[in-house]
Amino acid sequence: MNKVTTMQKAVAENIHDGNFVYIGGYICRTPFSAVHELIRQGKKDLTITRSNAADDFDMLIGAGVVKRFISTFISLGVYGLARCYRRSLEKGIPHIIEVEEYTNLSLPMMLMAGAMGMPFIPVKDLLGTDLMKIKGFLGESKYKLIDSPFDGKPVLIVPALNPDVGIIHVQQADENGNAQIWGIGGDCKYGANASKKVIVSCERIVSREMIGKDPSRTIVPDFKVVAVVEEPFASHPGYTPGFYDQDFGFGYLYKEASSTEEGFHAFLKEWVHDVPDRAAYIQHFIDRFGYAAYKKLQAKFDYGYPVSYEY
Amino acid sequence: MNKVTTMQKAVAENIHDGNFVYIGGYICRTPFSAVHELIRQGKKDLTITRSNAADDFDMLIGAGVVKRFISTFISLGVYGLARCYRRSLEKGIPHIIEVEEYTNLSLPMMLMAGAMGMPFIPVKDLLGTDLMKIKGFLGESKYKLIDSPFDGKPVLIVPALNPDVGIIHVQQADENGNAQIWGIGGDCKYGANASKKVIVSCERIVSREMIGKDPSRTIVPDFKVVAVVEEPFASHPGYTPGFYDQDFGFGYLYKEASSTEEGFHAFLKEWVHDVPDRAAYIQHFIDRFGYAAYKKLQAKFDYGYPVSYEY
Amino acid sequence: MNEHPNDYIKPELMACCGAREIMDGDVVVVGTGFPTMSANIAKHTHAPRAVLLQESGVYDARPRRPALSVGDACLNPGAAMIGGLVDVMGMFLQGGWVDVGFLSGSQVDRFGNINTTCIGSYDQPKSRLPGSGGANPIGALAKRGLIIVQHDPRRLPARLDFITTPGYIDGPGAREKLNMPPETGPSIIVTNKAVLRFDPDTKEAFVASYHPGHTIDEIRRSTGWNIQVADDVHETEPPRVEELSALRNILDPHRMIKIYEGKGYV
Amino acid sequence: MNEHPNDYIKPELMACCGAREIMDGDVVVVGTGFPTMSANIAKHTHAPRAVLLQESGVYDARPRRPALSVGDACLNPGAAMIGGLVDVMGMFLQGGWVDVGFLSGSQVDRFGNINTTCIGSYDQPKSRLPGSGGANPIGALAKRGLIIVQHDPRRLPARLDFITTPGYIDGPGAREKLNMPPETGPSIIVTNKAVLRFDPDTKEAFVASYHPGHTIDEIRRSTGWNIQVADDVHETEPPRVEELSALRNILDPHRMIKIYEGKGYV
């Protein structure tokens, strides 16, 4: 079944106010065009999650899309603290979001547990810290500290997560949604597979035959996927291995802009609301910074070796 | 650190009588040359495990190497029941092995739990069947049925496994032990990573640079590996994707031979004890069946596409 | 109206009975032999969007020869996704994505429980069988279990020597009590004499249809318990032209399915 | 005898202090900045077989530019293994394979507990910080935690506003009581004034050495608790020629490390 569509339709048809949404990426393969579309469509009251959140989550929070955030960390990397996040928690602008905090061990494990149909999973972090004392919207279900039924020793267990929708950006997918990646994975494979349905954006749509030339690269099978969007440069200002580098200059631009409410909204107007889709975004990028700046981000070529699955 | 050695040394130095040994493979990438070496060196009292065992496990059992077997299944595939396994359990020949039985869901999960440092893992199989009633050498530690601390509902948890040694065969590895595969994985990645040390045999040793051309294929990092053996055709009569096909004729030969004690021992003499190493094994194969038969098993070429990790 | 050639063999009829249980879009875990044939007949007829998984880690394989095991080399080239057991059995099956699972066994009881562990006692078996493999979790977790078994009182006994794979266990409410996932469990038993289905209230298998050439009386005598018969019991629909055509022209041109005749599926 | 050039800056000295804690063959989880520099100085001097992991999923990266985050594009080409968080944080860290983990924080207390969550109260923070990320599990599970922090009473307070990452928690026996893995915990705090180590009995950080140009008295005044001093306290060994050479010629030719001076590491 051909699931190729536009990001506008993918988001409009599959993500609803109040949904629990997993958004993949780790600077690597951030699904930024989907994030912009969520903002453009004015989605509300979302619960969002992923390990090590960055500018994309900050932007969603600043835009008022987010009600709840299952988090481990959020920053702008080299550009320091996440401004919109801070404004939300320190000053209630645009509103205070509810936060439930885990770590880069427990949250990926909770997504893996969700993907694998486990009710909970034991982890060895959190213990002895104030992360145990603070309980947000999950309340007493944030974790349980039990005595192991095997040896009686204390074991921490955390609940599985199953988002309503997972959004990931990948290098390539076929029209049905078989999605392939290479390079840094973050919690992408398990976040997507834990979700009840998956929206895939990709740098290139390839044939089912090409998928079959290297099936070990597939992280999500087509039967979980509800929409496939061919969206080159979708991770910008993040990067996609083999396609383009991270745009540190744009990161600085966002940092500066998001340092004030006014700057943030001007940024949103320019880069989100005033561009209807990713093609217009790229057009605007080139208009504003020049083709040379765009070209400079494109990846060098250094291909590896092909392998055979034949017998 | 260059860990390249011979299978003789790898097994002699790293596997000791009484060890708990994970042996990878799923017809695909069976580490058969290591299995033969275990028999040749007369190892004793091993506890062995993997999901969906086959001819290699049957051979180890018939050769008297095995004391205990954490199992899910064992057969000769199209050639039916595993003869040596049956003789052991039905007639005590050469001795009765102790069996602890799980399934192709719970055992891989127990190995994954071992690899990930979890004490136990919840699973949704076994319930309501006699697999719950029979408890072997793990006794009451085979599983625990608890009420979920989250919702009070019954949850089955099974213990993590951490073998002393893991043995896997892969397509390629570098001299330090970074091991790469493609194609059917079975429980190989988690079985190896759950083990305290890993012996890697491979079809080809490649440079560290070649590993780095496609790091997403690596399933075991070098710091877990104690020995690397370049051992082409090591999976025969199993197969390795991209290298050679399964040898159904040889499977029949083993089935016929293993149908009697005498036949089995004659088989061991011919294919294990009378050949000092894998090179001699291949020589004997060619002497016995002809180069054409050997050639026929070699994989066709149908290479996929290379990818770039550049930025 | 469907055409029904009359030159079919029993294993072909059985494969077609399995195929008809698969709905378009179903995610199906298959083994080798019957399951693969059934699933592929379905794909080539009424369920083109059904998709197949093998427990070894393969999704949507494109084998150019019939796979002789779930780890067969021919399942590798061209598949849509290849991982390992944890991906297929954990992420897809335990994750709740599998609609149909095929099962077979040396013994099957009235509740669809299956024995693939031993004949005789577990500790001193008369015959030691392979064990569960993927059968137990497939029986526990697939939404619809399709069971293939030969129809005789030894194979359909009143009581199993060992329950390897759960059907409805000891009857109504048993799966629920154990917190097994809702709306899972066996949905059909296809034998060489009949199609059995499960009563929603008693969870017992009953005769839904008898294959051409067989009688209710024969089926009753060949069953190890006092099997019930549906009010609307009828003759099983023989293989349709398009079903046989898919099987013989595309899936099994060498008619390897004939080996099942030798195994007693007549 | 080692030569010690005297043209080093404080962040270089601190990076060298970190490097000296790494033993040959250690598996090291690194972030960016100091940790990467320390680990690589070690690799280029006394610990050539130390290996590096980034929590994002990377093992043994070969970056051609300094990585500005643990997910930096430059970590991809040439790495020995790339998976995801579950591989590095689950399989390697929680699996017990990580010898050394680098940590930093806005506040560190006498037991090596770290705050990266908030200044002020959690519910109404004066300043909201990024949160744990990988720090909490690294602190919980690495055999030796190496902590980098600026030395002033605000950053080394008597009491943290929030414990994000566990050191020795509230002292001896605390980790054991929680069944945290044996022989794990912080082993050193490197500040811009001193090297602190942990008393094996009290689990409190004490002054092991003072950096050239600093005094015990100054260090005491800059610490938020009544810090103990080792009997054999001595001046920190300045950067060695080969350490500086690795840093300046190979790892950081543009001397990006100078930005830490601007951040107060002087």
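Read from first to last, the chains carry the letters A, B, C and D; within each, the first residue is number 1.
As a convention for this text, contacts are C-beta pairs under 8 Å (C-beta built on N, C-alpha and C of every residue); 3 or more make two chains touch, one makes a residue touch a chain.
Given the structure is predicted, the values throughout are model-derived calculations rather than measurements.
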Chains in simultaneous contact with chain C and chain D: A, B
Longest centre-to-centre distance from chain C, chain (CA-based): D
Winner on C-beta contact pairs when A-C is weighed against B-C: B-C
Separation of mean Cα positions, chain D and chain B [Å, integer]: 40
For chain A paired with chain D, centre-to-centre distance based on mean C-alpha positions, whole Å: 29
Chain C, residues touching no fewer than two other chains: 58, 73, 76-77, 82-83, 86, 90, 93-94, 141
Of all residues in chain B, the ones touching two or more other chains: 109, 116-118, 123-124, 153, 155, 182-183, 185, 213, 216, 239, 241, 245-246, 302, 308-311
Pairs of chains, among all present, that meet the touch criterion: A-B, A-C, A-D, B-C, B-D
Contact footprint of chain C on chain A as seen in their complex: 1, 115-118, 174, 178, 193, 208-209, 211-213, 215-216, 218, 221-224, 308-311
Touching residues on chain A, where the partner in the complex is chain D: 26-28, 51-52, 71-75, 77-78, 81-82, 85-86, 89-90, 101-106, 108-109, 112, 123-131, 134, 153-155, 182-190, 239, 241, 245-246, 248, 302
Residues of chain A that touch chain B when the two form their complex: 109, 116-124, 141, 144, 146, 148-151, 153, 155, 157, 159, 171, 181-183, 185, 210, 213-214, 216-217, 239, 241-242, 244-246, 299-311
Footprint of chain B on chain C - complex, ascending: 55-58, 68-69, 71-73, 75-77, 82-87, 89-90, 93-94, 113, 117, 122, 125-137, 140-141, 162-166, 169, 174-175, 178-181
Chain A contact footprint on chain C (complex, rising order): 25, 27, 49, 51, 58-60, 62, 73-74, 76-83, 86, 90-97, 141
